[in-house]
Amino acid sequence: MVTATWYLILAAGLFTIGAVGLLVRRNPLIMFMCVELMLNAVNLTFITFGRELNDIGGQVSVFFVLVVAAAEVVVGLAIVVAINRRRPQATADDLSALRG
Amino acid sequence: METAVFIVCAAIVLAGALGVVLARNPVHAALSLVGTLFGMAVLFLNLEAHFLAAVQIIVYAGAIVVLFLFVIMLLGVDRLEDLSVEPITGQRTLAILVGLGTFVLAVAFLLSSSIGPTGPKILTLDITENFDQYSNLRQIADVLFTDYVYAFEATAALLTISVVGAVVMSRRMARSDEAQESAGDD
Amino acid sequence: MLPILAQAEIPEIHWLPLIPHLVMAGAAVVLLTIVSLVGSRLPPWFASAWTVAAGLGVLATAIPVSIRVSQLGPHSTIAGSIGVDHFSVFIVILLAGTVVLTALIADGFLQREGLDGPAFYVLLMLSAAGGMTMAVANNLIVLFLGLEILSLAVYVLVAMHLRRAESQEAGIKYFVLGAFASAFLLYGIALVYGATGSLNLIDIENILRNDNLGDNGLLLAGMAMLLVGLGFKVAAVPFHAWTPDVYQGAPSPVVSYMAAGVKAAGFAALLRVFFAGFGEVADDWQPVVFGLAIASLAVGSMLAIVQTDVKRILAYSSISHAGFILVGVQAATDDGVASVLFYLAAYAAMAIGSFAVITVVSGPGDEGTGIDSLRGLAARRPLLAAAFTVLLLSQAGIPFTAGFWAKFEVITAAVDARSFWLAVIAMLAAVVAAFLYLRIVVAMFLDAPEPDAPRLRIPRGPAVAVAIVVLFTLAVGVYPEPILDLADDALLSLRLHVPTH
Amino acid sequence: MSTLVDLVWLIPAFPLAGVLILLALGRRLGEPRAGWLATAMMGGSFVATLLVFIGLIGHEGDERETVVTLFEWVPAGKLAVDIGFLADPLSITMALFVTGVGALIHLYSIGYMHGDEGFSKFFIYLNLFAFSMLMLVLGDNLLLTFLGWEGVGACSYLLISFWFTDEANASAGKKAFVTNRVGDWGFLVAMFLAFLTFGSLQYGEIFFEVESHGVAAGTASAIVVLLLVGAAGKSAQFPLHIWLPDAMAGPTPVSALIHAATMVTAGVYLLTRMNPIIAEAHGWVPDLIMWVGLGTALMAATIAVAQNDIKKVLAYSTVSQLGFMFVAVGSGAYVAAIFHMVTHAFFKALLFLGAGSVIHGMDGDQDIRRYGGLARLLPITSMTFVAGWLAIAGVPPFSGFWSKDEILAYAYGENKVLWVLLLATAILTAFYMTRLVLMTFFGPPRWAEAEAQVEAEAGEEAEDTAEAASEAGPPHRHPHESPWTMTVPLMALAGLAIVAGVFNLPFTSDVHFLGNWLKPSLFGNSGHLPFGGGTQWILAIVAIVGSLGGVSAGAVVYIRRRIDPARIEHPFLARAWRIDETVSNFMGGPGRRAFERTTQFDEQVVDGAVDATGTLIRRAGTKLRVSQTGLVRSYALGIAIGAVGLLAWFIYRAGL
Amino acid sequence: MDGSMVLPVIIFLPLVGAAAIALIAPSRSMVLKPVAVATSAATGALTLWLMAAFEAGDGGFQFTQFAEWIGSAGISWHVGVDGISLFLVVLTGFLFPIAIVACDPPHDAKAYYIWMLVLETGCLGVFLALDLVLFFLFFEVVLIPMYFLIGKWGHENRKYAATKFFLFTMLGSALMLVGMLALALLTARETGGAVTFNLVELANSAGELPTITARWIFLSFALAFAVKVPIFPVHTWLPDAHTEAPTAGSVILAGVLLKLGTYGLVRFGLYLFPEASRYFAPLLFTLGVIGILYGAVVATMQRDLKRLVAYSSVAHLGFIVLGIFSINTEGIEGGLLQMVNHGLSTGALFLLVGFIYERRHTRQISEMIGLQKAAPVLAAVFTVVMLSSVGLPGLNGFVGEFLILAGAFVAHRWWAVVAAAGVILAALYLLWAYQRVFHGTPDDANRSMPDLNWQEKLVMAPLVGLIVFLGVYPKPVIERMEPAVNALIEHMEEVEGIESPTVGDRPEGSFEELRELKAHYGEEEGH
């Protein structure tokens, strides 16, 4: 029998991979994907807790997270598109005019 | 059975995640993401979140990843990223250390604690008690339109923003010498 | 099917407390509709005026809410997910005021820069609606949604100056980091949910009071993650790094909204979650906030003094201010909450005014934000320089400005909580920060203007906005009692709530 | 109660009025009316003093003390100080010769300062000085005395640097003031101690407290020693004497009035006034006063032997004579001290004014090596000067003999060694004064041919002669006698210098006028000679022989030229035992360096620390700025590190 | 005039004047100065009236006015005057018109007069406030006008000096604010009463705080005041600020602003923290002595005349600190008196240096020589003022200095002995400077320097007059101070429950009684 802990550890691992991915990748799109990974990890955590607590709240939360994720991606991609129009192929590291 | 499903799905999820992080081609990364999302959906099923499993596929794999791919194609940003170089000194080492730290600490917290309060629990809606009578969808709907009705309505604002935002950002800005007239005719 | 339907109890909904939110969000949607229908036939000032009206409408509708709260006491509605108390009213008023003033500032600015007017105001109002949601949220998911509404709109606002590369760079930075921090916040929510079994702060507070969960790892980890997310929003060190870049890159009116509104909403959420929700385990998080406060004060002040861009200076100073406000949070007392609210109100005025001045001074393209562009402003535009000076002195905490009382209240709270050393450090940081305000004042008053400096045009909107905040700053500086009373009344204690669920 | 004594306030009021009138109208009055006004004020003051004197005489012997209080000055806490005047035999004695001699010198100044552009200012200062001196003498409490004490110091400063365009004068004035201040420090601290001990600064109350409750010997000793420091400063006793010779830079009437007759005797007056405290002090305290006096007297006498500036000779002689007075105070011979003070005031004022007359006649030249044979050209000056010479040399029956003899007698009673040394000093005095007189008034005139020689030596003795050389007039001079305003005071003072001995004749207690007169002020603290009249006669004869010996020795050296004067005028003596040099070298060398170091410390360490704090914060800001790379991934890393940090802290907190 | 209204009128009259000046049209700039002078003179007249109407024998607060201000925080509008503050108020009222009349700003006259008048309001507010927060507000707000006065109308290095002045002073008061809040809150906690910042109420419960707490709080106050005074080693803002400030700024800075610190030490140090004051008295005492000697030594070596005067302030203020922490009537009264005296004499010195600067456009001592020849009246006035600063008896500086040292001697005699050596050094640096500047033969640059004009004479006359008057007859001042000082000391003793060391009572005797006592001496004298 798989206990909740396994799910949670899996989620933690996924969250970590997402976080590390955001830190090491330069392509903004892939960075967004990493955020999605992190959100997915949270979703898994929510659902696991919900089941353990015998509570639907976790699942409802995931529902909202999904909506937020979708909206976030739209906005994020819109910004990326706008930037790419001016500076095609710009990586996250290229955008460092503001500093200091 | 559940264990087997978990192991397989976990493997898929992690592999997909690693694929996202390690793929040089953004298209490959997006496809790896799809893998993760599918694995996740199955795990949701495993956890008796049927509705969310479906939404996961439809919204995530179906809409979000497609959006990603669409943008990749639109912008032609499918150039390979050279992952052997890290321009920022120490970034990768620190990132991995931080990742390890987060993971180890999170696991330590998870393993050391019990879930839920020691006293009486406060349930939004008891899953098991009503499981026989209601579908998962029904349960979620119940809560969504009662206790979470405000949140549900708020998502409308969220979506409006994303629409307006996308429109604003995708507007082609006239060159600065045309700025005056373009401001006028909008 | 009927019995099943009967199962779903529709919770009691008090509409009155929600009216301000509905007015704000509704005004945005209506504006959007009008614009898409009538479009270019509208006069250029229409959207701005509409927004001002909407903000004033919110202010007006907040009054009955406030009266209701006075009559009934703090309570909650919609299954306990919405808290109706003076605290939220205070923040709502603050946000509405911020919207009004930002709209005034933005009026001339958007025309000058040739930017998409209506969209700006729509996003502004929606964002403010999100902020208000954060202020009233008694449910972590509602709070998260509010935060996302607030943030997503601001991401777009930051990036919307399409002719400025800095604007988009700021936008993408803010977005990536914001999403990253949101993920932490969300994870924190999940962990707290796992620890307490509830997403409702009232329930959580009850549980924490009855159970001894102080050493529950999930709860602690959840608090840590929540602090990351909210610390990011309020720009506390070490989650602050976006602030200077974004403040510098973003269109100036947006910055005034961010500094005043976003920060206020962030602190409102922080207080709701930590003071109200986790008040029972304050011993656990106080030291962390202590650390964040010191780090913010130190880093904010020290980095500010080596900057040359006024927006950057003020960005770092906003980090320092965040540290100051955290001092009030750290006290974890009712006085602390009141001091935070007062500080937020005072800071909102100074920040809006300061960025309004910068909006005016920066000139076409929003480029002239270097400290050089302020050189000799006193000779060119004495009143503007005087107004800016008042605002800067207020930021420095000089007497007879609102900023003084803000610091006074925060330090009072800290001292009352026996955090003497924190108070001392905060005051020392304030002295260091004073140096940078002086630098700006020096540039304006003691330096000669550039010989070829163009004549400054001061549009009516920003002029009115600056006049309002300066008057507010001075009036509160001389007689802070009304605002102090408001802040003192804005008790934030979930124990007083009567959950209707 | 005689109303005459109550007029005591008039004594200082006259010169004060003079000051105020001259301040308002001085320039309009112009020369010489300003001078006449000032002189008249001094005359009025003298008359007022006489009236008070007469009034006092009318009192019974023991009731010759009257305090006239004008108003409260400093009524603060326990401290209550009045502006009040004490008229008693001591103060009135002092006031008499201060106003008397002062009036004469004012008169003299009208002639002396003729043609000076600061004429009226000079008389303002002189009157102000007189006022201060009278406050010093008449004040009924230590603080008022101190007011006068400092006032005369300030006037001295102003008058020494009167011709301020010359750096040397300016320096001398500053030096006088600062050196005096060192002494004032002692006076101040003595006052604090007195206040702490007695709760009052008023003489009457202090003495009453001493009489009724007594005072610890240690405290009394401390007070006296501190007062001695003050007195040494004002009365130019070793080692604070260095200012007085330099003070000769001022106009000569100033030297006569302030730096010979009146101000410099203030120290003696103060110690005499405080005799009840001295009486309570340990035994070594009077001895200390005595030995300080003796050392100063002897040292100054040896220096005077080798000086070539006429005023410097007189200055060192003044220092020496003040030493005599200190010896007297130390041996309890207060009457002798006051007696000598009075006679000294007459003859030294006379000598200075005479010297002034000579300098006036020599167009400002002060070097005695360029004098000679002036007796014929300046008859009145030379005759009066001779009278002064005989008085100071201790030749009977001139006044100096009587007063000096009394001091010598007391010294003999105190300590034989002391007496021998003091006698030697007296002989030296006779010797160098003879030298001065002979070189100035007798022998061949040298004022023409000496010129070349002096110029040759100029390099070596630059310091001594710089002044003379710079003021040296045309090579062909025509020394002339001074106007009557200058000679009348000379004659008056000469008369006094000759006959003043009658004030206090030693033969019987009935003719011991001054002794009897002063008795009420001395509270029986006066010393008594432990031997009879026979010994006194022997001592007197020895003194006379000594004086005559000194005079003859001078004649032998400077008329007969039996001994080369250069062997006597040793450079070490000429350079005043190098004390002045040592002090200057210290002040200019290590002293100045210490001051500079302190200033550097202030600039670099104290202020440096402040600036360094600013720099440090700024530098820290610059360093931290590097963290703001502009790279979004760095920022994200920062957030992640922060998150891990928080998690770690909570782990620690949970004790996991 | 209603008694209770006079203080607010005094405080705010200059502010009203400032507002009036702000409304004057640029075309009518010639009326700026008359309005400023009239306002400050009217304020000065009111302060004189205050002095005249002041009940001399009363040690408590007079003309008090009380109103709730910020009730929730326990802050009130509470003003009043007693013997301790009276003469500082009068000094302020006196010096401002003089400073305004004496110096015309070279540019931006309107802003200049506005700031001067605002500054006056701030200073008066500090001296009259009887509520800690009210005091703090005024104390802190004074920085702004002074900052602008230095920064805008100062000399070459003005920006640095102004910023340093501002930050340094703010640093001190920043900590004081924490201390002030701790005092009010902890006292309220100890007594169980409501939080109040009322000075009198806090003083009455001064003994309630734990000793250690009170000491810490005292230190925070003392630091703020030490910076303002300034006490060694936190004095280095002063030479810069004084040197770079315009003449009127220097006058006010030296004459009034430094007194904010010393006044604070008395009013908020001794009064509120009797035990801590006594506990730390040796420390402050020592710093005062160091300041006296150190300030004098450093002043001696200055090449800049204004800087020299500035450092002389360090020495003088050292004396005042010494007097205050003698904690006896003589010392405190001396300190208070010396505050007034220092204001007059150093203010006058700065004016004179300013006059010289206007003529010679240099402050370097080495560039001046023989000025007495060129400007005898200036030199004469300078001499009087200098002698007052040196502490010559008969001039004002002496009385204060003497009382201070006498008080200090009673309290800690060896320190007083050392401090008294300061009188030597004071003579040294001032006389040396005078010698270098005024004595000697003037060179071409200095020969033609004009003497004081009638306006400048008019300005100096009252200063010199007061310098002499207070030296001769300080009683009117002292007798008004004394009841308040005695009340303060009684309060301290009451709180601490100890008696301060003091001098024995004045002996009852006099020469009359002495005569009877010593009658037997006459008999002894016979044989």
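When the chains are written out, they are named A, B, C, D and E in that same order, and each has its own residue count from 1.
Basically, a contact is a pair of C-beta atoms (placed from the backbone, for glycine too) under 8 Å apart; a residue touches a chain by one contact, two chains touch by 3 or more.
Please read all numbers here as calculations on a predicted model, not as lab measurements.
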item	value
Steps in the shortest chain-to-chain touch route ending at chain C and beginning at chain A	1
Shortest chain-hopping distance from chain B out to chain D	1
Centroid comparison with chain B (C-alpha atoms), farthest chain	D
From chain C, the most remote chain by mean C-alpha position	D
A-B compared against A-D, more contacting pairs	A-B
Chain whose Cα mean lies nearest the overall Cα mean	E
Mean-CA-position distance for chain D and chain A (Å)	95
Centre distance in Å when chain D and chain E are each reduced to the mean of their C-alpha atoms	35
Length of the line joining the C-alpha centres of chain C and chain E, rounded to whole Å	45
Distance from the mean Cα position of chain D to that of chain C, given in whole angstrom	78
Chain D residues counted as touching two or more neighbouring chains	625, 628-634, 636-637, 640-641, 643, 647, 650-651, 654, 656
For chain E, residues contacting two or more additional chains	none
Shared interface positions of chain B, touching two or more other chains	88, 91, 94-95, 98-99, 102, 105-106, 108-110, 112, 115-116, 121, 123-124, 142, 148, 151, 155, 158, 161-162, 165, 168-169
Complete list of chain pairs which touch one another	A-B, A-C, A-D, B-C, B-D, C-D, C-E, D-E
Of all residues in chain A, those that touch chain D in their complex	19, 22-24, 26, 92-93, 95-100
Footprint of chain D on chain E - complex, ascending	164, 168, 232-233, 235-237, 294, 297-298, 300-302, 328-330, 333-334, 337, 370, 372-373, 383, 387, 392-394, 398-399, 402-403, 405-407, 409-410, 413, 416-417, 420-421, 423-424, 427-428, 431-432, 434-435, 438-441, 472-475, 478-479, 482, 485-486, 502-507, 509-511, 513-515, 517-519, 521-522, 524-525
Of all residues in chain C, those that touch chain A in their complex	141, 144-145, 148, 152, 155-156, 159, 162, 165-166, 168-173, 175-176, 179-180, 182-183, 186-187, 189-191, 193-194, 197-199, 244-246, 248-249, 307, 312
Sites on chain D touched by chain B in the complex	629, 631, 633-634, 637, 640-641, 643-644, 647-648, 650-651, 654, 656
Contacting residues of chain C [partner chain B, same complex]	4, 7-11, 13, 18, 25, 28-29, 32, 39-40, 78-79, 81-82, 111, 113-116, 119, 122-123, 126-127, 129-130, 133, 139, 141-142, 145-146, 148-149, 152-153, 155-156, 159-160, 162-163, 191, 194-200, 203, 206-207, 210-213, 216-221, 501
